[in-house]
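Which chain is which? They are A, B, C and D, in the order written, and residues in each are numbered from 1.
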Amino acid sequence: MPDQPPAQKLAGIFTPNMTPLDERGDINEAELRRYVDWLIDHGVHGLYPNGSTGEFTRFTPEERRRIVQIICDQTRGRVPVLAGAAEANVRETLRACEAYKQYGARAVAIVSPFYYRLSPGAVLAYFREIALNSPIDVTLYNIPMFASPIDVPTLQRLAELPRIIGMKDSSGDVAQMLRMMAAVQPHRPDFAFLAGWEAVLVPMLLMGCSGGTHATSGIVPEATRKIFDLTTSGQYQKARPLQLKLIELFDRIVYGADFPEGIRAAVELRGFKLGASRQPPNPEQRIDRAELERLINDLLKMAKSIE
Amino acid sequence: MPDQPPAQKLAGIFTPNMTPLDERGDINEAELRRYVDWLIDHGVHGLYPNGSTGEFTRFTPEERRRIVQIICDQTRGRVPVLAGAAEANVRETLRACEAYKQYGARAVAIVSPFYYRLSPGAVLAYFREIALNSPIDVTLYNIPMFASPIDVPTLQRLAELPRIIGMKDSSGDVAQMLRMMAAVQPHRPDFAFLAGWEAVLVPMLLMGCSGGTHATSGIVPEATRKIFDLTTSGQYQKARPLQLKLIELFDRIVYGADFPEGIRAAVELRGFKLGASRQPPNPEQRIDRAELERLINDLLKMAKSIE
Amino acid sequence: MPDQPPAQKLAGIFTPNMTPLDERGDINEAELRRYVDWLIDHGVHGLYPNGSTGEFTRFTPEERRRIVQIICDQTRGRVPVLAGAAEANVRETLRACEAYKQYGARAVAIVSPFYYRLSPGAVLAYFREIALNSPIDVTLYNIPMFASPIDVPTLQRLAELPRIIGMKDSSGDVAQMLRMMAAVQPHRPDFAFLAGWEAVLVPMLLMGCSGGTHATSGIVPEATRKIFDLTTSGQYQKARPLQLKLIELFDRIVYGADFPEGIRAAVELRGFKLGASRQPPNPEQRIDRAELERLINDLLKMAKSIE
Amino acid sequence: MPDQPPAQKLAGIFTPNMTPLDERGDINEAELRRYVDWLIDHGVHGLYPNGSTGEFTRFTPEERRRIVQIICDQTRGRVPVLAGAAEANVRETLRACEAYKQYGARAVAIVSPFYYRLSPGAVLAYFREIALNSPIDVTLYNIPMFASPIDVPTLQRLAELPRIIGMKDSSGDVAQMLRMMAAVQPHRPDFAFLAGWEAVLVPMLLMGCSGGTHATSGIVPEATRKIFDLTTSGQYQKARPLQLKLIELFDRIVYGADFPEGIRAAVELRGFKLGASRQPPNPEQRIDRAELERLINDLLKMAKSIE
């Protein structure tokens, strides 16, 4: 495509959105569309369906496609869609990549192989095979607590493939992110580093990330947008109190309940019907909705008050 | 079913078999049937398709059913089939349970929720929902290195459900297995504890396991059978040298290559065409087939020589 | 020493004894001597001062020597003393070795380097330097949860040094113990493998350990002796219920309180005044002495009832 | 001391200095004094003897005192001394605190209890006992990879004690540092947070640390000083390339050799005779001195070139 301008570097806050379910446990399309509109209206820079927050492992392959299709259709180009495309194996994943390209996604995000913990060489071979055959741009998704880690030499070699345009890191390890940037940025200034752990959103942005994918942006998009805008415009000291408060919300949803049930509860507090989880409810766990609501309100108020 | 005799406790060595693929990467049914016959002829007590060794995560839901169907059909009741039935969520898993019952499986094995690390309460809720609705006996599959751990209190409560008839543990933690036995056996003498880590097969059998599911039984079924027979007949001192040699093979296939590529290579050395892995080959990893062959031959010779 | 008979392989249950303190927090020599006598009278095969249970890190170098001196003096050869001799560096450790030899210890036990996590090569160099210069037999002490792990190749090379006569392993990893035995026993049949994790005492003895060092033997020496005698005389099935009950006690003292406060409480229940811990009391932790007492009584009764 | 002005908050880069040894393995006082002078002349804000880099565990209690005495004497008030004072138990530690106060140290640093992994309540009790009895200001030293972690609620409660004036954190976890600041700063604006992991020095300073203790400041004090000055004066973008290069040096000394042998080699490259390590040399480990030298020179050149 020689005539096409180079695609813009991925930047901003992408929401790894949850998918509302109806009373039978199926995808609630109307509510999903309403949620997408609300997120865009409240400032998110992009959508990221089929992420960890989006419970991609709990949907069937057909459902995962349906979710991306609805979201691409609903966004209608207003914001880019980064579609989670990991399937059972490379062949199935490539089929999803083709479908998501047709739906209009900007790129796909592919989590490192999970269940088995694979060695760096196997992680490299896996992403390489996908990148060489994908019809759509690929971002790597590094989440060592759930999947095989992507290490620095592996990333460095993968960044030689033009189809791979960025990496989302959910380790929260700022030092490791700096090592990755040092290895890749000299050769690939267009390569996007996306932070995936909002507890360090401000330092990650200060140190060179162009954005992030954050579950909390599906709850308080106003606040994550404000943090992004302040930090990227040189006002990180103003962003710092918001960052500290965001950690409180983040810790509560991440450590206070089985993932992602805290997020489900919080999104519902913003007015969306997400339906019952596909994971049977854990009777030993009660989410303190009043506390969640207080934190959300604090964040919204604080975000509003900072100029 | 008042007239039916109580089902026998699961016992013996079950093979978590790999599934041969053809040149296009699809299930090679003929070779799978040939492999099943060979395993039965060489002394395995049961088959266990769709286990971790069987790469269940790399097949589509349709393929997983096809694998169980072929194996149930081919075993024709000669040995029991324990069918891995974990799917994307409880609903899909129950559908698989129904299918596997119809195919003639003795029971299903369901791995603890993976990808997300869930709390004990959520693990309990998950298995409870399945056990209350499954039309077929259920065994729990505990493999903490890949999936949410099943802890002792959780197991104790799950063992109150008659549908749950056993647990396979792949932690290799003998002390933890003893704790589980202490919690469950007084109330459920019929509950089967199956060892899933052959490096401790002899001590696990000595301490109360009725059997195990072992990848090496798909490579050297003669040796694992011999270990089982010797140990359960009071001759564990004779089984000890076999156990030490089995660890050598086990370590080589588990730590010497990305799981389960070492097993694939070893099964091929016994004369089966397993085809190329669905995981693209890792060029940094070369499996020493000569060493594998030497270990296999040592084990077979040793197994033969011990009366 | 051509005229001397070869020293006997270390065997049996060694007690890593705690050291009683008086009201000023100093060593209570009289009570220590009384405790040593009681332990010997109740069947322990040896004493092991300055172990982890003995809080060696909380005493000064001078106090550590005094403890060994008192114990050697009090045992008067009735049972062998295995003296913990790790000091700040090799030079200081060797000085302790010399002193302990003079006091009459059978051997020293030296924990792998701790605080820093050293690589296998450094662990090897450390023990090698000590073994080449020690005037007294050395046992290695592997406790990966607190100190640099001793891996199999390292142990194999250390076992080439005649001064090193055994290893105590507190990992509780039966498979790893088997790997170590496979590496060492063919060349060193005299090398003693001592189990240091009583939750797997029976399986460790069955698989080739000649004994163990167990904190619980300082609480219920009658029971650990009975387990040892039953298991080493082919009656492991009779030892199994005692093993399961011992795990209950072990779990309570290890996981129920900051180590080794549970052991302190339990030893006091047997009639010894251990004094206040040098670690300031944790007000958030209350040890359930009634439950401890119940477990101790159960174990004693059970040990008595089994012939 | 009612007439004294409140002590200033700890700030700047403190060097956890190594201690030179002579040919007999004893403290080389002359070289230590020369090294201290050089560090001060090259811009470090303070000294920190008996830290992890300073191998405090490998010296005897008497040697640890001697080291602090020499350093306090040599600095003669030019820079503050933060003296590592952890000894075998609270009583011994308090004696060291008294001595270090007399020597003229600004404060002591006390590592969380190590060897045993203690619970938060025990960590709290330990530091509390020390803080209530120490005649000199205390900083807490959190280094979870070597010692019992200090968690946020524990820190919050310890910060209620005026004697505790700061915390050094060597976890490198920026999110956790933010949580700690959020818990403490509202009540204790004077409390110093010191970063102890130079791979994240810039982000830690940006997010609220007043300084740090960094082994690399003992090698390239010019560069760490430049990073500190640039970052604290709003020029963090200029500090970023230095930070990335510092990580290269840091990784090489931390992951390239048994700690702290890489630092020993690097300090020697700056012209100091540190002598042979007390840990016997690991023959499997060769430190690439040429590469170390190249990194040091790169850092020095880069530091000089940035205005």
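The definition used in the following text is that a residue touches a chain if its C-beta (ideal position, glycine included) is under 8 Å from a C-beta of that chain, and two chains touch if they have at least 3 such contacts.
Worth saying up front: this structure is predicted, and the values here are computed from it rather than measured.
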**Request:** Return the chain whose centre of C-alpha atoms lies at maximal distance from the corresponding centre of chain C.
**Result:** A
**Prompt:** Of the pairs given as B-C, A-D or A-B, which one copies C-D, with over half of its contacts the same by residue number?
**Reply:** A-B
**Asked** Centre to centre, by mean C-alpha position, how many angstrom separate chain B and chain C?
**Response** 37
**Asked** When the centre of a chain is set as the mean of its C-alpha atoms, what distance in Å lies between chain A and chain C?
**Response** 51
**Item:** For chain B, residues that touch 2 or more chains besides their own
**Value:** none
**Asked** Can you name the residues of chain A that touch chain B in the complex?
**Response** 25, 52, 57-61, 88-92, 113-122, 124-126, 128-129, 145-147, 258-260, 278-285
**Item:** Of all residues in chain C, those that touch chain B in their complex
**Value:** 172-175, 178-179, 181-182, 197, 199-200, 202-203, 206-208, 236, 240, 243-244, 247-248, 251
